[in-house]
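Chain nomenclature is as follows: A, B and C, assigned in order of appearance, with residue numbering initiated at 1 for each chain independently.
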Amino acid sequence: MTTTDIPAPAPGMARPAPAPKRRPRRERQGAAWVFLSPWVLGAIVLTLLPMAVSLYLSFTDYDLFNPPHWVGLRNYVQMFTEDPRYWRSVLTTLTYVVIAVPLQLALALVVALALKNMRRGKGFYRSAFYAPSLLGASMSVALVWRALFNDGGTVDHLLGNGGWINKPGWSLLAVALLTVWQFGAPMVIFLAGLQQIPGELYEAAAVDGAGKWRQFVSVTVPMLSPVLFFNLVLQTIQAFQVFTPAFAVSAGKGGPADSTLVYTLYLYDRGFVASHMGYASAMAWVLLVVIGAVTAVLFRTSRSWVFYASEGDR
Amino acid sequence: MTTMTTAAARRPVRWGRLAVHLGCLAALLVMLYPLAWLLATSLKPANEVIASLNLLPGHLEWSNYKTAFEGVNDVSIWRLLGNSLLIAGGAVVGNVISCSLAAYAFARLRFTMRGPLFAFMIATIMLPHHAVLIPQYIIFNKLGLVNTYWPLILPKFLATEAFFVFLIVQFMRGLPRELEEAARIDGCGPFRSFYKVILPLTRPALITTAIFTFIWTWNDFFTQLIYLFDPDKFTLTLALRSFVDASSQSAFGPMFAMSVIALLPIVLFFLAFQRFLVEGMASSGLKG
Amino acid sequence: MPGHRTKGFRASAAALALCAVMAGCGGSGESTGGGKVVLRYTWWGNPDRAARTEQAVALFEKQHPNVRVQTSFSGYDAYKQKLAIQATGGDAPDVMQLDYRQIDQYASGHVLLDLGKVKDTLRTDEIDAGLLATGRVNGRQYAVPQGRGTETVVYDVKAWKAAGVPHPAKGWTWSQWADDMRELARRTGRPGATDPGQSEDAFEVWLRGRGKALYTKDRQLGFTADDLTEWWTFTDRLRREGAVSPAEQTTQLDGSVENTPLGRGKATADFNWDAPSSGYLALVPTGVALAPMPSGEDGTPGQYFKPSMFLGIGAHTGHPEEAAALVDFLLNDSGAAKILGATRGIPVNEKIRTGTASQLKDFDKTVSDFQTSLEGSLKDPPQAPPSGDNALQTTFQRDYDQVSYQRMSPREAARNYVTEAKAELRS
């Protein structure tokens, strides 16, 4: 449940390293499996087996106490056709993704661009902007956030509208801001990506008479697109699974009026609060499939807008 | 931007630079406000906590910290700190060992199913944690390991945090292959070249792994909540939560004092290792 | 080559050994306490309850030198979660504090020991039969009530006096209550009370006042969407008039008195259980008093003596006799009673209740007097609610949120609730 910001890695991640050209020898195979053995054990016992179990549970009625009781597709049917709160949580999650991800990435990009050519203080700013990404997932910051956006908190004092967390129209924004606050992780990646763009490209563009904006559009954006792409994929996936900020801001309830009841929070509520582990497992599997689908779509479409220098010929 | 060298162009650039600095500073103030607020509130007397925008406390209420240091549920804060450190330390050792082993195989060795297994490993980075949470609990419970630190540490020794495997793979891929070739000619097998040649060179990625593991484990709340229930096994995060449960708004000051104490190790870690954190992470992500 | 391989294996063996050492430090496991029987006893509560419980447990250990009791407590929400997870795999504590809403689920899930098996050690004859029956599921006693509580209208005495609203008399009705709230809002400029629309507990009292119940005997819903529509229309109107607290206030309720409108000085009355109302004393400097809950229009009382919490024994305990002795001690020992006071509600053991009533101090005495004033006039408590009620309590709140934030009409929300409740109770 740590929805910590994973620092987004870079391009080419979906492909394993180019294999050594040598013909595999028998002992090399054996050695590889020795190196892999902890991971294989973990993957089987702590990932595959639990996934299979939760798939099975999703077709059962299971309250943790009595043995699971097979109900076929009932959980899925109930989820899609009889549970308005489920659809509300889907809508809330989508709204959150649409607000938080672009805002976070835009801020990260703007700050990275600002820092790119800075001569003094770059290291300082980079570290200082990065710090919230490390602290953001902690219980301490969650408590602070709730206090800041509550009535009588700083936001209330500044805007005088009684705080955000008690207003269904605003509470999700408070959650999103906790995510946006942690823009430092993608910012650092952007900055590193920007610095790998060869200076000659800008010089060439300047010689061709391109202004700053033109340079940004025709050099920075295409050269940065792989980094942008992977930040987008990872942040989107994480945003779909957002839990801690919503849990913290709503004190675990997803309120007011379900306005912060994001998908995983509702899943947690069904599973651990209401003891419907079967239903919760079904929800988890739907989430799994949706995240898989979204990732696949992003990868498929990436060809048309992500520019890999090694493949391109501009 | 980088090629403005004529004297005429220098002036506007300097102004622009000033504007950038001012903008950054302003953004920084907003960004760091919540932390400043936390620090200030931890030193405020109860009646000033709410209802005052003023960051500076009327007088410094050190007793908030005194209360916080008394701990929670009769467990001293040193014990809680020790528990947190033990779990975080175990997780660091586990992740560094198991993830570097697996990463070496993926990055440098050849074996059947390598492609599919690598893809599977990547996929587990995106796996919603909730999908495996309940069955994992059942497994640990069957093994009689609930209410011990095993469920928090053992998975790290089994390289379940695929993100770090990936991170180290990316880094290892950037190392020149000639190194191993040379080692092989000298008669080194894969094990020896792993720990004699590759491992030392992978140090930056390992340090990054160690630091992130430490901070994430330190911050983790949910796993600790479900697996630990004796107060004397609690971590600082859990104690903070139960402190919130057991007391009320009148204990705002001590609560935030305790929050500060819980954040302190991360801040210290950050100050000590920020170069590795920021640079190591960015570059190991981008290389290869 | 073979030589290298051995070295490699040695390295991995060293790594594995290190794993074992590191993890081993963590798993300190359960000590047997030097040949003693070790009992795990868990409860929810606050530090005051903890201190008194520790004291009582120490006394028990003195009387039973062969037993060591390992205690653990946390806040209610965390406790509930933890216990649910522990209970999953037969890892429930030996002695545990339980809520009314947990009993049905835990008993039918074989988490709780049938107390009939230890009835020689655990005596229950001093407990009121009606109250004792609340711990029974399918004819077997699975839990014993530890204290009793009842709901109350707790109010700011001075504010009411200043507003000229009289002290509520026994047998006042919901419409009298509503009139008083309007009057208070007019005179004080603040809402009279917390909006009771979000509270399943308040709804139950209202429902019982009309001769109905939340649940039927066979664990189905005991009311219709029309009943709920009427209740929510009633509270919705009061809220729109400003006679009860607005949605922004109500949504901050988290079970603590500090976050109630009365506790924050934003209303002059609240609904709560009697014992926890002591918390208002620190927050309402002018003092609070307890009044009975409003009754039905024909005077039928809706409130009842509810077991405030239960004690149960884990079905898989290795030491049922010792566990039963601890439960018996907490319920029936006069020494323990003296230490515990009313921290878990007014004691259910009749002898102890009458014996300690005179020794009660401060708010404990207020609560005790309040309960005495109601004795004899209330109806029997309902049987333990079905396990789904745990989740429905939250659903109730959420559906009313939709009403109070004006996103749904009372009728729409009530229909939703009834649909959800039926699905919940089906499983």
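Just so we're on the same page, a residue touches a chain if its C-beta (ideal position, glycine included) is under 8 Å from a C-beta of that chain, and two chains touch if they have at least 3 such contacts.
What you see is a predicted model; the values in this text were computed from it and never measured.
**Q** Counting only C-beta pairs in contact, which chains form the busiest pair?
**A** A-B
**Q** From the C-alpha centres, identify the chain that is farthest from chain B.
**A** C
**Q** In whole angstrom, what separates the CA-based centres of chain A and chain B?
**A** About 16 Å, centre to centre.
**Q** In whole angstrom, what separates the CA-based centres of chain B and chain C?
**A** Those two chain centres are 38 Å apart.
**Q** Going by the touch rule set out above, which residues of chain C reach two or more other chains?
**A** 1, 5, 8-9, 12, 77, 81, 85, 88 - these are the residues of chain C that touch more than one other chain.
**Q** Which residues of chain A are in contact with two or more other chains?
**A** Expected reply: 27, 31, 34.
**Q** For chain B, give me the residues that contact two or more of the other chains.
**A** Touching at least two other chains: 97, 101, 138, 157, 189-191, 194, 241, 244.
**Q** In the complex, go through chain A and note every residue touching chain C.
**A** It is residues 27, 31, 34, 61, 63-66, 78, 82-85, 150-151, 162, 166-168, 251-253, 255-258, 269, 272-276 of chain A that touch chain C.
**Q** Report the residues of chain C in contact with chain B in the complex, numbered from low to high.
**A** Its residues touching chain B are 1, 4-5, 7-9, 11-12, 15, 18-19, 22-23, 25-29, 42, 45-47, 50, 54, 70, 72-78, 81-82, 85-86, 88-89, 91, 256-259, 279, 282.
**Q** Would you tell me which residues of chain B are touching chain C in their complex?
**A** 73-74, 86-87, 89-90, 93-94, 97, 101, 137-138, 141-142, 145-150, 152-154, 157, 187-192, 194-195, 225-226, 229-231, 233, 241-242, 244-250
**Q** Under the stated contact criterion, what part of chain B meets chain A in this complex?
**A** 1-3, 17, 20-21, 23-24, 27-28, 31-35, 37-38, 41, 50-51, 53, 97-98, 101-102, 104-112, 114-115, 117-136, 138-139, 155, 157-160, 163, 165-167, 169-170, 172-173, 177, 189-191, 194, 212, 215-216, 218-223, 237, 240-241, 244, 252, 255-256, 259-260, 262-263, 266-267, 270, 274, 277-278, 281-283, 285-288
**Q** Going by the contact rule set out above, which residues of chain C touch chain A in the complex?
**A** Listed in rising order, the residues are 1, 5, 8-9, 12, 77, 81, 84-85, 87-88, 105-106, 108-111, 247-249, 251-252, 254, 387-388, 390-391, 394, 398, 401-402, 404-405, 407, 416, 419-420, 423-424, 427.
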